[in-house]
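Naming follows writing order (A, B, C and D), and every chain is counted from residue 1.
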Amino acid sequence: MRREKDLTEAVALVAADMAAHVGHGKVADYIPALARIDPRQFGLAVATCDGRWAAAGDAETPFSIQSISKVFTLTLALERMGEALWKRVGREPSGSSFNSIVQLEREHGVPRNPLINAGALVVTDCLIAGRAPGLLIEELTAFLRARAADPSVSIDEEVAGSEARTGFRNASLANFLRAFDNLQNPVADVLEVYFHQCALAMSCRQLARAGLFLANAGVDPLNGARVTTAMRARRINAIMMSCGHYDASGDFAFRVGLPGKSGVGGGILAIAPGRGAAAVWSPGLNPAGTSFVGMMALQRLSAVLQWSVF
Amino acid sequence: MRREKDLTEAVALVAADMAAHVGHGKVADYIPALARIDPRQFGLAVATCDGRWAAAGDAETPFSIQSISKVFTLTLALERMGEALWKRVGREPSGSSFNSIVQLEREHGVPRNPLINAGALVVTDCLIAGRAPGLLIEELTAFLRARAADPSVSIDEEVAGSEARTGFRNASLANFLRAFDNLQNPVADVLEVYFHQCALAMSCRQLARAGLFLANAGVDPLNGARVTTAMRARRINAIMMSCGHYDASGDFAFRVGLPGKSGVGGGILAIAPGRGAAAVWSPGLNPAGTSFVGMMALQRLSAVLQWSVF
Amino acid sequence: MRREKDLTEAVALVAADMAAHVGHGKVADYIPALARIDPRQFGLAVATCDGRWAAAGDAETPFSIQSISKVFTLTLALERMGEALWKRVGREPSGSSFNSIVQLEREHGVPRNPLINAGALVVTDCLIAGRAPGLLIEELTAFLRARAADPSVSIDEEVAGSEARTGFRNASLANFLRAFDNLQNPVADVLEVYFHQCALAMSCRQLARAGLFLANAGVDPLNGARVTTAMRARRINAIMMSCGHYDASGDFAFRVGLPGKSGVGGGILAIAPGRGAAAVWSPGLNPAGTSFVGMMALQRLSAVLQWSVF
Amino acid sequence: MRREKDLTEAVALVAADMAAHVGHGKVADYIPALARIDPRQFGLAVATCDGRWAAAGDAETPFSIQSISKVFTLTLALERMGEALWKRVGREPSGSSFNSIVQLEREHGVPRNPLINAGALVVTDCLIAGRAPGLLIEELTAFLRARAADPSVSIDEEVAGSEARTGFRNASLANFLRAFDNLQNPVADVLEVYFHQCALAMSCRQLARAGLFLANAGVDPLNGARVTTAMRARRINAIMMSCGHYDASGDFAFRVGLPGKSGVGGGILAIAPGRGAAAVWSPGLNPAGTSFVGMMALQRLSAVLQWSVF
């Protein structure tokens, strides 16, 4: 990728605008290993389909991508099992975090979409398909390394372990799904993979690079690798637009106007179809669990670059 | 507007593909005046920002736009009261029709978004602002005539009367909102305007024309009239994408990839930002209350014209 | 009825114990005519099946019986339409006030029980059965006068009017029920009767006397009038035990151990099968909408008289 | 205990009346070891506080008491930790099975009452209090042997194992409670005890005998042992009345008029305060999960013996 002045200026402008806000929000405290992160960090990276890139702040610092991993496991699961996936998970927004488990009950164990925890557990179960958990964890890591074009992407085992010890809500969801026969592998295996995928550590630069195939109809624009079909890339973007930020998905569409996915580690990946991908990171979260400064930065970036799809 | 061959061919192709499906779905039966409509009708019209247009089937037949009217009242209310509107209504998808009333209770009478019935009642209440209902009904009709560039747009009084006699759910919602002090005008006034706005009768041609300002950053591209700001146009599109089809909004984004709004009269308006607007009509509904053939036609049209924003 | 020393002493003891608490709780403020009541009032009356009675405090002051009226309309409706009533209303506790409207939706417009507002509206609709509202209001007044053996029982028209002007939640519920075809009379008629029955004003003495037939297998023990069958009296008591205090019904059973029904006017009627009836009144409410001091008094009274059915 | 003719005749009459119905209902199929039970079995036993007893049918056949065990663990937990228990579990009916988990979320992990699964898991957690699970299981078995005055009461290990392998819903609930810090012991320990207490096998005769202390103000009337205080016995009865049959508790109160607790093994224990206890067993369940014939038998028995508390 080559750096370019205009893009660099835009990114620098956004980063400068954020300086006054960095540190706002509340670091996720329910995963002990995340609760210790210094909230006064901010990174931003943009990669474009035509090979330009720009970055600002702590764009090289790896952070826990957490729920952003759901975009990548969804991509893989669609490649492996195709549209049959949609028998086991829906693609509607969940309304609110509050409703997720009651909707799961009402809807007989079929999660609303693959970007909420329940849906992502089903996606992970689809990927396991009899594999040893450790093997799948290696495959996921390899997939992200390939997408980021960077072999240094790896899992933060401390975070993975921390989640395994405290992830009672996810354990509850997984058992619930299993009670509805919507998990086929042992609950412990699904949770092991899930906690590891959430603990993947990536920098903004790596993450923006990794998202490019979604902006380019399923093909990595920099090395020509086909990751998924054009239709699936579009549809993954559609799901990110509708469901990427739990009960603040509508607000993200309203403010940013791009498909995106946030994680409680403070990262957000946003896709500008036909243009490029942006990754932002700042650990303080808003009440909906999305990076406070990260969302503000993407709103600004989308306006400056005129990237809104609307 | 000038007709153009390529666009005409695309529209004709989609219409031809739909022939085998027309008549599928179930006509809305809870409004007696709508229950009598012949389901074997289909109309499609496309208007572009650069002045082309094309149509097929029953594109000149007026139908009851029903909930599509919510897009236009939202536009007007944002112009009149600005961002203060968002104190009284949210912009998040509602999850499912089922949840709407319980969410209304949980969230203290603030509807999830302006495109569900509860939210649209609040928007209508904002527009009344002390006006006589009859006066506002005339203003709304005039607004739609201006948008459609056609003075023949009018309200089907039989449908309005039919809804007034049977609209107990809307009466329930309006009283509920009033109990939370989120209606400021008399319940009867709000319902009178609401039942009339839903009873606006428009053809596909008129409706596609009326939606163009949303595809063109708030300015009617054919006569230069500024209807709303560019930012508001984008945000209305974002809300249509997230919330335009009740509990099938995610599926519409997934399949069609455009902001849209459906009505139980069988019409759907879709916006392709920067390109144009499409209106489709076929009375048979899918279980989510969206035109069965209409949604299929828009999915096909979006693919043929490569209009998906994703 | 004759006064008796032991009973009088027990009642006086309870009243004395309450002196330190009178004035606690919060007067219902959503009905303007009730919001003005002085909270520092307390009345208690006990009537027994063998003709004794005792009273203390403001036991002769009429107060708005509000939801306690539901017990009497239920009695009348069961007499008029028999067990067919149970096709239109259930007899299960509602879990919590929060759930009532969503359960109404889930359960297709059949309210959980006749002692929540939705269920009482259905009961009132059953009683109307084509009558003019005014006529039914007169019948209800006559029924309560007969039960209280006191022709001075009457409706507080100011309270009835106050509720009619502000009762948007009940209007919402009534329209909701009508949308499910579980009201057969015009919504306005049902609400008119309902707001009047809630506005019946009775003293503790009158109310305890009026409840005696429920303690005596359906027969008024003092004049021999059969009001309902023994089985129905038992079953009404069972419903009061399960459902008489909204989402604090379990707590009332736990603490008092008697079938009871509270009203937001601050009154509570409790039935001791085979023994007698007690009525208490103190306007300050606990968070569940039951008289704060009233419930405390009944807990004490039940212990002193050893009236708990458990 | 001595048999007595009148009581024996009443029990025989009820049993004879049930003959035509035995086999109705549906055996619980989600616990494999229970699904194999022959539904054409029926047992009934009555024990009175004054030492009489009577039985009919398969009253000596041990069956899995399942949720009836919750009454006994509640008794023990109240003895051990007193009223502090009510900080961790409520005493309100849950409205419906459907709502239990969403209420658990809304109410921050405090289950509605100790007789639904979530509440019983908390009670079991209270009893563990650092004990080894196996030790507590022994204590529970010993407690039931003492209550039944029969050392042959024991746990059906096959049923316990079957539940452990398939109890994903209970595992989900336990993890959920732990996520809210309302379990203090390891999830696996709580589930181990829980699955064993549900697998206690008792006959109708043993169960009726075991319930007598609840009919007798907390004292075993036949050997004078004080099991709990009079107030606690009354309160446990109150909770059984309000909450003993999930979302059919109101119907049980309405029909039977006695505190009771059912289990999906087909057993029901009913308490007649001051009189005695009855246990019935027939494996076929009604849609609410209560023994179809068992409930019918108790309704008849309560009428014949005039045991209704109402």
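Here is the rule we use: a residue touches a chain if its C-beta (ideal position, glycine included) is under 8 Å from a C-beta of that chain, and two chains touch if they have at least 3 such contacts.
A quick note: this is a predicted structure, and the numbers were derived from the prediction, not measured.
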Farthest from chain A in C-alpha centre terms, which chain would that be? C
Looking only at residue numbers at the chain A/chain B interface, is the share used by both copies over half or under half? Answer same or different. same
Determine the centre-to-centre distance between chain B and chain C, using the mean Cα coordinates as centres, and give it in whole Å. 47
Starting from the mean Cα coordinates of chain C and chain D, work out the distance between those two points in Å. 32
For chain A and chain C, let me know how many angstrom lie between their CA-based centres, rounded off. 55
Would you mind listing the residues of chain C that make contact with two or more other chains? 98-99, 106
Using the contact definition from the top, classify how the chains connect: line, ring, star, complete or other. ring
According to the definition of touch, which chains form touching pairs? A-B, A-D, B-C, C-D
List of chain B residues in touch with chain C within their complex: 98-99, 101-102, 105-106, 168-169, 171-176, 178-179, 187
Which residues, counting only chain B, touch chain A once they are in their complex? 90-96, 98-99, 103, 106, 112-113, 233-235, 237-239, 241-243, 247-251, 253-254, 257, 259, 273, 308-310
